[in-house]
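Order of writing sets the labels: A, B, C and D. Residues in every chain begin at 1.
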Amino acid sequence: MSRAVAVAGSTRTARRLGATELVWLALAGVVVIGAVLVAVDGHNLFSTANTRDMLARSSLLGFVAIGQTLVILCRSLDLSVGYVMALCSLIAATTMNGDPARVPLAIGAVLVVAAAIGLANGLIISVLKVNPFIATLGVGLIIKGYLDTEYQGPAGDVPSSFQQFGYSRIGPVPLSTIVMLAVAVAGILFLRKTRTGYHMFAVGGSEDVSRLSGIRTGRVIVTAHVLCAVAAGLAGLLLAARFGTGSALVYDSGYDLDSIAAVVLGGTLLMGGRGGIGGTIAGVLILAVLDTVFNILEVDPFFKDVLRGVIIVAAVAIYARRQIDRKASRVRFGGDGGSGGSAPPDPVPDAPVPAGSTGGNA
Amino acid sequence: TDEPADTAAPDESAAAEDPGAEGEEEPEQETADGEFFVRADFERQLAQRDVEPEGDPATPWLQAIEPEYVDTAEFAQDGNTLCFSNASVSNPWRVTGWITMQQQVEVLQQQGLIGEFRVSDAADDDNQQISDIQAFIDAGDCNAIIISPSTTATLTPAVEAACASGVPVIVFDRGVNTDCMVTFIHPIGGYAYGADAAEFLVENLEPGSTVLALRILPGVDVLENRWAAAQEIFADSELEVLGDEFTGGDGAEIKNIVTQYLQRGEVDGIWMDAGDGAVAAIEAFEDTGNDYPVMAGEDELSFMRKWQETGMTAIAPVYSNFQWRTPILAATMIWAGEQVPSEWVLPQDPITEADRDDFLERNADMPALHYAKFGGEDLPGFPAAWQDR
Amino acid sequence: MSSDVVSPATTLLRMSGIEKSFLGVQVLHGVDLDLRAGEVHALIGENGAGKSTLMKILAGVYQADGGTVELDGQSVRFEHPLQAQQAGVSTVFQEFNLLPERTVAENVFLGREPRRNRLVDAARMNTDTQALLEDLGLTWLRPATRVRSLSVAGQQIVEIVKALSYDARIISMDEPTAALADEEVELLYRLIAKLKERGVAILYVSHRLKEIFDLSDRVTILKDGALVDTVATADITSDELVRKMVGRPISSFFPDKRPGTEAGDVRLEIRQGGNEQVDGIDLTVRAGEIVALAGLQGSGRTEIAHALFGVDRFTRGQVLLDGRVVTLRSPRQAVRSGLALVTEDRKGEGLVLNQSVAANARLVLDAVLPRRASQGARRIPGILSSLELVSRGSSQEVRFLSGGNQQKVVLAKWLATEPKVIVLDEPTRGIDVGAKERVYTLMRELSAQGVAILMISSELPEVIGMADRIVVLRDGRVAGELPGGVDEETVMALATGHQADERGEP
Amino acid sequence: MAFLKQAAPLMILAIGQYFVIVSGEFDLSVGSLVGAQVVIAAALIDGEEGRTVPVILLMLGFGILVGLVNGLITTLLKVQSFITTLGMMLVLYGAIRLWTGGAPTGALSEAFRQPGRGGIDMAVVRQLPWALMILAGIVIVAVAVMRSSYGRTLMATGDNERAAAFAGVRVWRVRTLAFIASSVMATLAAILIGGYAGVTAQVGQGLEFTAITAVVLGGVVLGGGKGSVVAAMAGALTLEALFVLFNQLSLPSTIRPAVQGVIIIAAVAYAARERARPRHHQEVPSQQQPNEA
């Protein structure tokens, strides 16, 4: 019996390795293929310059995608992140207004505004029961209206001290990437170490089950949206640091859909309940590596879009394949000799014989 | 002065520090408002229209208005790898210019003046373009970096970093808030463009006539300048501005909006901040049975052909597309240690009815979304390169 | 075991006059129930009697429309399951309430994960779960296993472990043994004994009378949402209990065969059918015959129906219809060959809830025989009225119908295709007595018309009362075949693999 | 008349999107597809009248192909349609520009422009636009389809895929056909839009979100199984009327997105309330209620 369980257990773990690991494996694959292609072209993908480039490209999308992971885990979605980023870059730059002393104030303002938008998203979804797609699209439009009315172009001035956030590096690693990875680690710890993190998986897995287990599902969804918006706010800060000013036009750069693509590429289920930030980071890195490789190879920008579309769909198709295989795990009479591991082991030999009232002496 | 920000880019910090600039004007309601109108720039650009540019009129891309030459001896070198960070090729104006640039590069490559021509395209994403520029800097083997910024101002730090790397930097089209580059190449600018169009409407419409303004997107400062100049001029006129609408440059949207205005009343003139979709606006008049308006489009051939066909009263303001050749030539000049203007202001003459047919004839075989003043007729690839794409 | 064993009969919980309606249909009519510390209180009644509803009110899932709940003499009203949990009431729900993607430990501690320094202490969660499992003798269950990979019984055990882990004073269990084999039932007995010693009150719902007599101190009987009686278990016999529950002697409950109903030729035959879930299935159903598939949950009955119907496949063996070998790869082919399948999960697999009665009833015609759909649909009103469907018209959405009426729509949908073989998987699950009788009558009518019926049911009286032959499954294999009318113990013995007389009489 | 003519393309897109949404999926590729089709038309026709019909047939073929690919990837490879069609959106956007070098080339023929631009001259209304007649034709077909067996199975699939499968519905086929319908509608919309306004580089951009918003505004539920095709069209008409209203009210154009955002959230929230009401008992009470215990 225990043998059967052990077998079942080990095959389980072998399968489980897949989820996030597969994405990192895919990343490794992309890096290797990229490196070969780049080498054939006479360059070195791992040169300091190129390594920096790959990492730098990952940081902005990284912030947004970390937040997006949280909402997608809850079976929600945030289409307003692009607008939040734009707004936050403007708030940051105009609040700082060239004065290094105002940097903390600006960061505070950005976080508060972003959190408030996330709160609005979360409440519209959980209290008004508006589909997340429409809710966040609508909130995005509202922000867009505000931006279009208030800002006719880049505004504000970021002091050079804060621009360091966007430009300085430690060795080959850009500071922004380090911060992004720190946020990612914080996010991973949040998901793995806090109750709210646990509950996000639960709510995404099944809202009803979560509720019956005493989870206040609305709060979880709202929290996820607040954190997502705050992550987008951090991305806005990074934009401000890199631009030296705030810019509304960022909302047209497609970070909303890109971040969702990165999350899904990272193996998180769009239906919620499974996945994680670790995979998302790999997803973001895959996109960044592709970008760098395409750039070195001078791939036509439009061909890049084609490739990206194909790669995203292909990756998700592969994950879906594995998902289907999973179901075959509860085999009772399989070709594999019927070992399975699904049926509960029959007797419980080592259980102490109970004293007192069993069925027998009723 | 060679403050590039003065022309294409408003210097917000300057504006913020010096609110008097617009405060003392105390303009009446309809004039250009606030932030995106810097009167000094406006007036200088309007004046520049009348300045005779230096150089051969046959090669307008090498002409310059009131140039202040800088010495480039420090950048003279034998290396000839040219790097170009392009904002995007996402609209017909940029596509046309990009082809011209490539043709120019080919010529110079054959002459051995340019070796490798390395390009990255940021697909309209500022952040991506910053990374692109950094990648060039980090690669360390560019002998010159040309930058066509995707948004004014936001690329300032990246351009400064490029300058700091010691490589000669050339910026063209939109500007950035720094003067660290060797040369900043651009036509006269947005105020002049907007004013050309607005003045034409004021001259050709009866007082009391109505004008509809069609704009592409809010928040793009170079486009805001065009509109700010137009507002300034309309305010001083007796024209009534019915409204200003954002169209996204989408023909269907333009036609819808114009049709709606026509249903509500007369529209005598159309002002556009860019000529994309001008034909759709004209068709709205045709389809609703209204007389043609007085129209300011752009030197896009679709519009100019329609203009010729209908004989309407119109003007094609120009945002000189031939400027795409200049940075390439500038790079070779810099390598050769020749002087270049620190701010290289190219001529920007609108096409009027007088020279319209001439330009149409020269571009007879070109596609509809081609720009008349693309300035590549003398390049060997002409005309096939622009036709086939 | 008698009720006076529990000496100080402190009343922990008192529910009185509980009323509840769904969609204007009252399902609980002023029910009273009280629980004492250290007692096992059985709650019995037919399907749809309102047992689960009462439990869910206690658990804070539903709110009563009327009546009061007192806990320790204090009036309480649970608006959210969390409040019930905090008040010391935990529940094993009838439907699974687990997250398949999470581990056993994560599920057990869902909503109240142990923390240290405000962070979830996963290690402790695992050791606590491990300890809990060891305590219960469930050493083969690993805290870190994903629930998805467990069997139905394994999942049921996790549910129970989860409820026990709350340290609750009141634990209600809604059919906790439904998916369990005998050994696990034994285990549950031991657990319940331990809980009793600790003074926990247990509200226990089961359809297995044997368990009621084995375990409970008192029993409350519900019928059609109304309280029939609460008695000490020691003071009542099983016959009396059944009579109170059903309200009439069981024998009259199942209609007699129609005169002239005869078993004809073999319509359906499965020879050595097998796949990953079942193996070596031999089965024949003749025209005009009702054959029942009996077995514990998870024994593979539904799987046979699914494999037969092309939802899953038999990877081994043969299926013959009217003597000809057929390969049915999809429900569509099955329908075309004259098969019909009334699924066990009415909401999940049987109905498109947001659509009208009419749309549901003609769905199979639309899907499989679109060209004849309109013509076939003309029969539907007749079928619905012969089933005595109660609805506000054929354009009413089926989600607003009661369970029994929903089941009638499902039946109508399949009858409209005029099947030759009809498979009924738990056809009376969750429907009321009247509707049940309608279903039974219909089955008799169909077999009189020569339709071959394969019935799957977990309710032994139904199996025994309706079937001509009973095929009993155990662990995916045929354990044996019995004639209709045998006693429950014989069936259970085959189903569990134990001799009936090994256990005490119920 | 003019208003309906303007609204026709969005209504047609909404009909197409409706088929997909009601089956429980999304189609994010329609905006890109409209753009691609207009550009394809201009490039292939290149001003030659004689090529009009063959090119339109080719466009329809291309539309069917796109729908087929969307549908098969979604149903057979089990990629969520959000991702499938997002990928398709990127691929179409890139491929078309790759092909034309970034900006549209060629020109449309007069004949091609007729359906979107022209009409039959009439006494009272001055002109009966072709677009309106095409729209009417499509509406009749769409309503008929939704009443047909296919329509019912489509609805059932969106409502409960499993139950539909148990009833013999070939879910993959039904959904793939819905994607094809959506792409064909996008193609027809492209013919009208191209005809109406000619070729511009930006044509079609963002139409997918407008179309989805329109459908949802019509009370069709994302997730499938609820709402009628007529309501979806009404949603498109409402949205288009809203845009016209903004214009009539001379609402500053920059603020319009904000108003639009508020209106769609409010409308959908209201619809969600209405829907929740009759079956509110089935749901566990929302946890926002104050604790009375």
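Here is the rule we use: contacts are C-beta pairs under 8 Å (C-beta built on N, C-alpha and C of every residue); 3 or more make two chains touch, one makes a residue touch a chain.
The chain lineup, named per UniProt: A = ABC transporter permease; C = Sugar ABC transporter ATP-binding protein; D = Autoinducer 2 import system permease protein LsrD.
In this text the structure is predicted, and so the values were computed from the model without any measurement.
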item	value
Remotest chain, chain D as reference, centres from CA atoms	C
Rounded Å distance between chain B and chain C, as computed from the means of their C-alpha atoms	74
Centroid distance [mean C-alpha coordinates] between chain D and chain B, Å	36
Gap in Å, rounded to a whole number, between the CA centres of chain D and chain C	44
Rounded Å distance, chain A (ABC transporter permease) centre to chain C centre (Cα mean)	40
Residue numbers of chain C (touch at least two other chains)	61, 80-82
Overlap residues in chain D, where contacts from two or more other chains coincide	102, 254, 284, 287
Residues of chain B whose C-beta touches two or more other chains	89, 218, 246
Interchain pairs in contact, sorted by label	A-B, A-C, A-D, B-D, C-D
Touching residues (chain side chain B, partner chain A (ABC transporter permease)) in the complex	10, 12-13, 16, 35-36, 88-89, 118-121, 123-128, 130-132, 134-135, 138-140, 151-158, 161, 177, 217-221, 224, 246
Residues of chain C that touch chain A (ABC transporter permease) when the two form their complex	1, 59, 61, 80-82, 85-86, 93, 97-102, 106, 110-113, 115, 118-120, 122, 137-140, 142, 145-146, 148-151, 153-154, 157, 181, 183-187, 189-190, 193, 196-197, 211, 213-215, 274-279, 300, 475-476, 503-504
Chain D residues within the chain A (ABC transporter permease) interface of the complex	73, 77-80, 82-84, 86-91, 93-95, 97-98, 102, 209, 212-213, 216, 221-223, 252, 254-262, 264-265, 268-269, 272-273, 276, 284, 286-288
Complex contact set, residues of chain A (ABC transporter permease) against chain C	1-2, 5, 8-9, 12, 16, 189, 192-195, 197-199, 201-202, 205-206, 208-216, 273-274, 326, 328-334, 341-348, 350-352, 354, 356-360, 362
For the chain A (ABC transporter permease) and chain D complex, residues of the former touching the latter	124, 127-131, 133-135, 137-146, 148-149, 208, 211-212, 216-219, 257, 260-261, 264, 270-271, 300, 302-310, 312-313, 316-317, 320-321, 323-324
